[in-house]
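Pasting the structures here.
Look for subunit A in each of the two complexes below; its partner is subunit B in the first and subunit C in the second.
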Partner chain A sequence: MAADRLTFRRAVRLVRVDWVFTMKELSHSSFFILVGALQPVIFASIAFFMFRAGQRPGTLLYAALGAGLMGIWSSTLFGSGGMIQWERFQGTLEPLLVAPRPYVLTVTGAGLGTSTVGLYSLSATLIWGWLFFDIPLEVESPLLFALSIPVTVLGLGLLGLVLASTFVLYRHANALSNLLEYPIWLITGLLVPVSLLPGWVEPLGWILAPTWGMRAIRGAALGGDDPVFAIAMSLVLSVVYLFIGAHFLRYFERLARERATLALA
Partner chain B sequence: MTSLRIFFVGGALSYKALFNWIRPDIYIPTMLGSPLFQILFFAHLGRYSGLRDDSFFVIGNAVQACSMSCIYAMTMTIANERYFGTLSALLATPANRAALFLGRALPPIANGLVVSVFGLGAGLVLLNFSLADAHLGALALTLVVTVLSCTGLGMLIGSIGLRARDVFFASNLVYFLMLLFCGVNIPIESLPAWMETVGRSVPLTHGIIAAREIAAGASLSQVGGLVGTEFAIGVTYAVIAFGLFRFFELESRRTASLEAI
Partner chain C sequence: MAVIEAHDLRRTYRSVTGTFRRKTSDVEAVRGVSFEVDKGELFGLLGPNGAGKTTTIKMLITLLIPTSGSAKVLGHDVVKEARAVRRQIGYVFGGDRGLYERVSALDNLKYFSELYGVGPREQKQRIGYLLELVGLNGREKERVEGYSRGMRQRLHIARGLLHDPPVVFLDEPTIGVDPVGARELRATISALTEQGKTVLLTTHYMFEADALCDRIAVISNGEIIAQGTPSDLKSAIAARTVVEIEAYGVDEARLDKLRGLDEVASVSVEERGQAQVILVQSAKGLQLTQAIVGHLDGIRVGRVSAREPTLEDAYVALITDDDGS
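After this line comes the complex of A and B, so read on.
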């Protein structure tokens, strides 16, 4: 029995294995290549042309970073939002749930995998902007910039855990994912400053990891926002997401077992 | 008479069969919610960039949103026959291929119009957009022509689906590239020359320009050239699509590869 005990080390290993597995799986998916690399480049190009034609050329690095984070959000949204439905479709949900390890660890690893794949987006938009739009890749604070990226990925990955655990209640998770792509881009200020939106929108963004991730990355790259505060907020939100996601998943699991609806929802 | 029945009844039946999964809880978020937020996103990005007013972005994105139906639905209409295992049975029939092929376009065309009209309505309610100076009849005709034209492109991608393994990658990519190339959010003349050339050779571009001019008060006769060009481009794509459809059908029969790809 002692060999089956879940130690911290084993839990970390399980999360890590699932993280890497999800990254490999999504990296072979043409849909995620589109969402994670091509779509952000297209949106970055639209923003570059709009800013140039609209006489805002100084904001091109701002646009590249924003479009990159838009891609991370899309990867997380479609990857994590449809994760449990996909497991159900493939027939692997039941074996994962009856396995002795807590299912939340599996979903956490997968959520982190979906957001990490989104790093293709950030790399793609920065390289695209540098190659074709002469955007200098110079950042104000390289150390904070390097720190803000993994913290942002962590925040979005754990938000992915919340998405996975709540979208499962919705029968057509993909439709919900389609709906939520643009509004989150908008209210978290990835390309458009939130100050241009109605006043009631800004507080909605405070509870979403992309808001703080964007402020951390932009603050470190361009100055302005305090990146340290944004990094701290990302970490706090990550803990909150982990707590909420784990709670929702346990609730969903119990409900599905009680009603025998695991494969049906 | 039989061809007409295949065109209308066959088109409606194929839509019912292939899109039986469409219910309000899928249709509303995907076909109405997503275009609505797309319009809001680009209108606000337009305000921030200082490029143009809301009207430019509402019309561009509302018209482009029809491609959600014209591109994706047309692709599915052809490619999903293979996915559902009904393609062989369909192509074994002696039905007139043009009636079979074109009849399937009617529901996506109707859907595309609904999406575009909804987008314009949302713009009227939520943004600084007005159609007070517009000739609504001319705008409606322009929308119909643009949706028809865009469906021609959808047919082309759908036909490639008879042969290609992952045609949905192509339809997704084309949908997003239209945002960049067709003057949806960037004035077409602001794009580099090669992008402008590409943009002017695909559906949507001329229709969007015409719709913008009509919204600003132009009459149908003033935008007749644009609407005619849009129609001609759509017909060209539809003819190429039908040619490809027949070519791939015959090739698949010859090499016995209809279901094998």
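After this line comes the complex of A and C, so read on.
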């Protein structure tokens, strides 16, 4: 029989299967769920108290959405960034690479899976805020809000592909993942408005999907930022990430085969 | 045309030591390995730990790029046509890693079916057949984390055969599996060639190679030091006899004395509980027992017997000679 030829339809199916498989696998990880649910709630609580002290109207939902997105970023970062290391640790990286299907499809699906699992953080944060901080769950533009969420998940998932592709090469990539969590929260305006930071920080955020995802979600929920422009930017970045991630992955996969870093030993 | 061809394959690993004063050193894991495997053949790569078996197999299945030399599988170059090679091969490795533990065996097989390009319509039938083949029927919905080592190994085999590949690479598939489980696995492996598949098996169990393989290449220190059928390898030492001496507390100095005897071809030691069994190979017809026991003066000696050489003795002789040279 051997493997079938890859068609576009089969490629899309493979990404979808990978997406679902990753969510299923992660949802069985009590550690991942605990961190994904608890961490954003803790950060959200701190943010709520800080913003409440500021006494500005509408800022609590602003903080809740930011904290939720922080959770999605953490999920993507540790899910996608740590994915390769985890696959290497549990010995599945080699069987994945020796499979006839292009590894980029596998990682794309897995990246989307990790960012989708991050939605759990967003939901947990919003429910937490509604229950304990009286945050009204009303949004300005429900349609754009509903659209901005999958677009954000897509952007972050494909950013995960870029991360994962570079991490194929390094056996200690998880250390790099830890370094990237807080700076991205700051640069992309998830934690505090970027306007509070030095001027040179803002352009750095423009190339990062969480910036536009945040603007899209907050714009649709609270008004202010143009959500349509932010959604468009998220989609453009997604395409760029896909291109860069696929290219990196091919290149780094070959380098890993040359340097023998696919297995632990 | 041979199904698997390896020509002068070499692989060097670079390792780095030290934090501030970093030193790099090169280790030659495989040093010019060449062999061919024909269609429907079960070919064994036999060697001790660290001999270069796994490195060789990883180059053939496209996971490692050779430092030099070339290899082809079904006519496809393993470096330039990696994707074409991957479409035609199945890879099974030993040990209990390499599976998604948090989900069921069925989830693992369904997932890898997609990765291995098994059509959605064929998946159910194929997975059912393989679960039956490896004896996991009825246990497929349990999470893998609860599986024994033998069950995991059987799942590895099922996964490697999902796309019904014409060429199968088995890297120490029975390692750590209990004797009964290992025997069942060997029966499954043996059945693969009956289906017309070409199999390359690495192992360090002599009896396994003897029982399964049509031809064997013995690899030591990254080089093939002998190649042929199990009978060929055995016949190379057919003119020898093996004296087994059970001893307690034998030291390296005494063993060196035995190795120094002109009539002795090789000396090896196996640990069996408290005792050590010294295996001395010499030309047939020589009466060496007294001389050997004489050199073990001062230590407790148990049972002493002489017997015909086995494939294991042939292997030990080859490896010992290679290490000595």
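Assume the second predicted complex is superposed on the first by the 251 of 265 C-alpha atoms of A that agree within 3 Å, B and C clash if a C-alpha of one lies under 4 Å from a C-alpha of the other, contacts with A are read in each partner's own complex, and residues count from 1 in each chain.
Just so it is clear, contacts are C-beta pairs under 8 Å (C-beta built on N, C-alpha and C of every residue); 3 or more make two chains touch, one makes a residue touch a chain.
Everything quoted here is computed from the prediction, not taken from an experiment.
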Three-chain arrangement built on subunit A, subunit B and subunit C clash or fit: fit
Vertex subunit A, arms to subunit B and subunit C (CA centres, degrees, nearest 10): 80
Which superposed partner A:83 touches (first subunit B, second subunit C, both, neither): neither
Which superposed partner A:50 touches (first subunit B, second subunit C, both, neither): first
First (subunit B), second (subunit C), both or neither touched by A:91: second
Partner chain(s) touched by A:220 [first = subunit B, second = subunit C, both, neither]: neither
Which of subunit B and subunit C A:25 touches, first, second, both or neither: second
First, second, both or neither for A:175, with subunit B first and subunit C second: first
Where subunit B and subunit C come nearest after superposition, their Cα distance in Å: 9
Contact residues of subunit A, present in both the subunit B and the subunit C interface: none
Residue ranges of subunit B in contact with subunit A within the complex: 25-26, 29-30, 33-34, 37-38, 40-41, 44-52, 166, 168-169, 172-173, 176-177, 179-180, 185-187, 190-191
In the complex, subunit A residues that touch subunit C: 1-6, 10, 13-14, 17-18, 21, 24-25, 28-29, 90-92, 94-102, 106, 254, 257-260, 262-263
Partner subunit A, residues of subunit C touching it in the complex: 13-14, 58, 61-65, 83, 86-89, 91, 93, 95, 97-103, 107, 111-112, 114-120, 122, 143, 159, 163-166
Subunit B partner contacts - residues on subunit A that touch it in the complex: 30-31, 34, 38-39, 42-43, 45-47, 49-56, 171-172, 175-176, 178-179, 181-183, 185-186, 191-193, 196-197
